[in-house]
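Naming follows writing order (A, B, C and D), and every chain is counted from residue 1.
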Amino acid sequence: MVRNINKIEISHTELGHHHGHDVGERLYLHRHSIVHSLPPHVKIVAAFMFLFVVISTSITQWQLFIFYFSLILLTLTVAKIPIKLAATRSLIEIPFVLFAVLMPFFGTGEQFSIGPVDLYRAGLLAGLSIVGKGTIGVLIAIILSTSTTAREILRGLEKLKLPQLMVQIASFMLRYVNVVTDEMERMRVARASRGFEATGIKHWKILATAAAALFIRSYERGERVHLAMLSRGYDGVLPHEEVTKVSVKIWIKALTLPFLALLAHLLMIVWK
Amino acid sequence: MLEPSLKIEELAFAYPDGNQALFGVNLVINKGERVALLGPNGAGKTTLVMHLNGIHETTHGKIFVSGQLVDAQDKEGLKKIRSQVGIVFQDPDDQLFMPTVGEDVAFGPYNMGLRGAELEKVVTKALALVGMSEYKDRPPHHLSFGQRRRVAVATVLAMKPEILVLDEPSSNLDPASRRELADILRSLDVTVVMVTHDMPYAYELCERAVILSQGIIVADDKTKNVLTNEKLLKDNRLELPVGFSIN
Amino acid sequence: MLEPSLKIEELAFAYPDGNQALFGVNLVINKGERVALLGPNGAGKTTLVMHLNGIHETTHGKIFVSGQLVDAQDKEGLKKIRSQVGIVFQDPDDQLFMPTVGEDVAFGPYNMGLRGAELEKVVTKALALVGMSEYKDRPPHHLSFGQRRRVAVATVLAMKPEILVLDEPSSNLDPASRRELADILRSLDVTVVMVTHDMPYAYELCERAVILSQGIIVADDKTKNVLTNEKLLKDNRLELPVGFSIN
Amino acid sequence: MHIPDGFIDLPTSGIFAAASAAGIALSLKGAKKSLDEKSAPLAGLTATFIFAVQMLNFPVAAGTSGHLLGGALAAVLVGPYAATLALSVVLLMQSFLFADGGLSALGLNIFNMAFIGVWVGYGFFLLIRKLLPKTKSSITIAASIAGLLSVPAAATGFVLQYAIGGTATFSVQTVLAAMVGTHVLIGIGEAIITGLAVGAVMASRSDLVYGWRGNSSLLEIRKSI
């Protein structure tokens, strides 16, 4: 008796390009754009230069900050990164924003009042400066990590002379994040299928034991995988495409942004 | 009439990355049956097994365990089903997670409320069954693969499930352990679903065999009939080992 | 005279937690031989295998690969030995680590200096051999167990080792893949050491069989002689499957 | 305690960036000796764990955020040089991937967490280990206390930087009180995690712990054919 059943094709959600579950790949947003296609080390240099121009600008020159922000928005658009995504990821900054928000209320020196509240001028400016510069810094890093995979960033840093040993530790780290999350998931499934559900403090002991076991387990898994890599001739460098020399044109393309920022900054100084 | 132990209706499933592994599986297994689940690598056997106690959430189709719907939303129901369906995973590393073998075997019965001497007894017995008593205080990840497999079986036996699902239980076991496992399974009065690539083992242990291929059931018959249908075997990358014959 | 492919002298080993697994193993394997390494669970087979390319450091005894001493201190020598000895681990999860199957198979040949079209060719061929060509762009950890095993075999084949060591390669493979693997192994002109619990498979593929038990070699003979020596088999938890006969 | 961009002025950031670069160069020298084929991945795993643990950010009273540091833990497991490198890598990746800690503030953050955290932690570890009997549990206890003390020490580094080049208007005293006060509390969590992790490794793989060198057992040889 051999039955034949028609296949049911069920629909599934479109998850876009989703390769593996690397922590870096998860942050990465696969798009085709100029920003994505720039070599990573060029992007990193551009990001740093832009950042230095921003930080050395005084908050009192608020027009410049508006200009900087528009440059960032422009880059986000060109890189096809949804504003909403950038906004959610920048929430990481919240603790410092809270800190800055408090500043106008405490301090010394010149005061002024808006309605019933008294504010300190110095505190207000410092607060604005921290929020403004911090936000731009965060957004730059977000553009970098959404347009570049973690592995590429690492390769970029390598190109910029980050010491080999640190590159190695970092690439182990990127890989182990998967090992650890994999092992964690395995252990969770194993617990659940034997009737365990962590519901409260009374389960902390089990979770703590499990966490300790997780540490050893992931280490030993990582160790075995590492030895497997050695067995296949690994000597510290993961395979990657041969990097061709970056042309001047590409550098110019990448450095437009920091250059524009610098130009505006200088013009402002001259104009003052 | 008695509810079947397992009833699967039109089960389809795709992994989060979009890979569809099951395309509408229908299967009914009655109480006390021992059924071999055969099929080529990548057929969807493990995927199917992982549905049987709600590890993979049923997104299309339905599964009933002793008449009760497996429903990921119904936490209480799921807990009950998990105590009824014991799964021995294909990879023992997916099963073992406590710092020692003894604690690992005790984990399930403990969660079911057993304590003290009673718990101790269950653990001792389960470990003795698989011949791993002397390894009680060793960390499971410091055992050989076959030893881990045996402990994995013990962790499930200790829970005394009504339905025992084993995903390639005999792989990595030495021949004697393989036979001992068969003896254990025969001695238990439970429903058994066994995924295996070992045709002689399936023949020895299971009356009925089901072939899963590319996410659907393509055969469901007496094991003997399945294993003697050459075309069917060939179409599904199954064969009998050289030197082996049925009767 | 030609140096033997493998020469192991008085090899003893204890794991860091104090568990001693090998108690003085002596073994010589000549070029082109195919040897089955049999033995019960926990005998030390995997531990022995892990010594063959310096994964476990030799603390007592000596190992020579094609006449060259395996020495953890000698980085250059080790690198050479590792390119000669290809090991397929018992657990494919220990073997696969790159983001895609294709990259994983390319890893070894890349490290040996292959690039571009040549690299591409080797990868394509290795994947075709194990029937996994269409999975080239999939992440290895999203494959079924048997599929992972096949990819693991491909990663090692791609390196074209002179000595191929396989730790239970047939487990979790469907019967057709099992036979295909046997065909591949027979077609290669290399020395093969195969750990297995599958006696018929050992008989089919290897002329010579060695039994490791409790950390020492207790038998070393023609496979046929080993598998027909009932007392020897019984003492070492080995048996032939029901329904199987030699000749 | 990850300092964002623009919180400490550029000259100060520059000075600390130079100091960090020098420190990393020294650690590279030191680590070369202690890191071999097998311990290099351990440094990577330690980095991963610290990375994971540091993701749990919670706000601290005065407004900044606090989290576990892992400096002492890393130092005990892989030695202070490799630990410095591991933590630096963590901070580097956090700032590049998650925007956690400003890119321009990397030098500041590395100085506090990868230098002060690690070396003060390791110093206390050595000291306490000397005072305790030579047993396995002493290692765990010493690591745990070292973890506790390393956190406020790293917080002090932050206050120092703030005093030199802070752009905010709170007085140094206020910041000092707030930072050190709250970080003593965080130190307790740090002590627990450090103790658990070191204890677990000691229990089954004491050979991996840098701060402990056990003696290997003698091998028995049996007669084989």
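Simple rule for what comes next: a contact is a pair of C-beta atoms (placed from the backbone, for glycine too) under 8 Å apart; a residue touches a chain by one contact, two chains touch by 3 or more.
Everything numeric in this text was worked out from a predicted model, so none of it was measured.
Remark: among chain pairs A-C and B-D, A-C carries the greater number of C-beta contacts. Here the CA centre of chain C is 41 Å from the CA centre of chain D. Separating the CA-averaged centres of chain B and chain D is a span of 45 Å. Centroids built from CA atoms put chain C at 28 Å from chain B. Annotation for chain C: residues touching 2 or more other chains are 17, 91, 93, 139. Multi-chain contact residues of chain D (touching two or more other chains): 37, 200, 204-205, 208. For chain A, residues that reach two or more other chains under the stated contact definition are 175, 212-213, 216, 220, 230. Under the stated contact rule, the graph of chain-to-chain touches is complete, every pair of chains being in contact. Contact residues of chain B toward chain D in the complex are 99, 139, 142. Across the complex, chain C meets chain A through its residues 50, 53, 55, 79, 82-83, 85-87, 89, 91, 93-95, 97, 99-100, 103, 106-108, 110-112, 115, 139, 141, 155-156, 159. Taken in their complex, chain C has these residues touching chain B: 15, 17, 19, 39-43, 45-46, 90-91, 93, 138-139, 142-147, 149-150, 168, 171-179, 197, 199-201, 203-204, 237-246. Touching chain A in their complex are the following residues of chain B: 10, 12-14, 16-18, 20, 23-24, 26, 53, 55, 59-60, 75, 79, 82-83, 87, 89, 93-99, 103, 107-108, 111-112, 139, 141, 155, 159, 215-221, 232. Residues of chain D that touch chain C in their complex: 37, 204-208, 216-217, 219-225.
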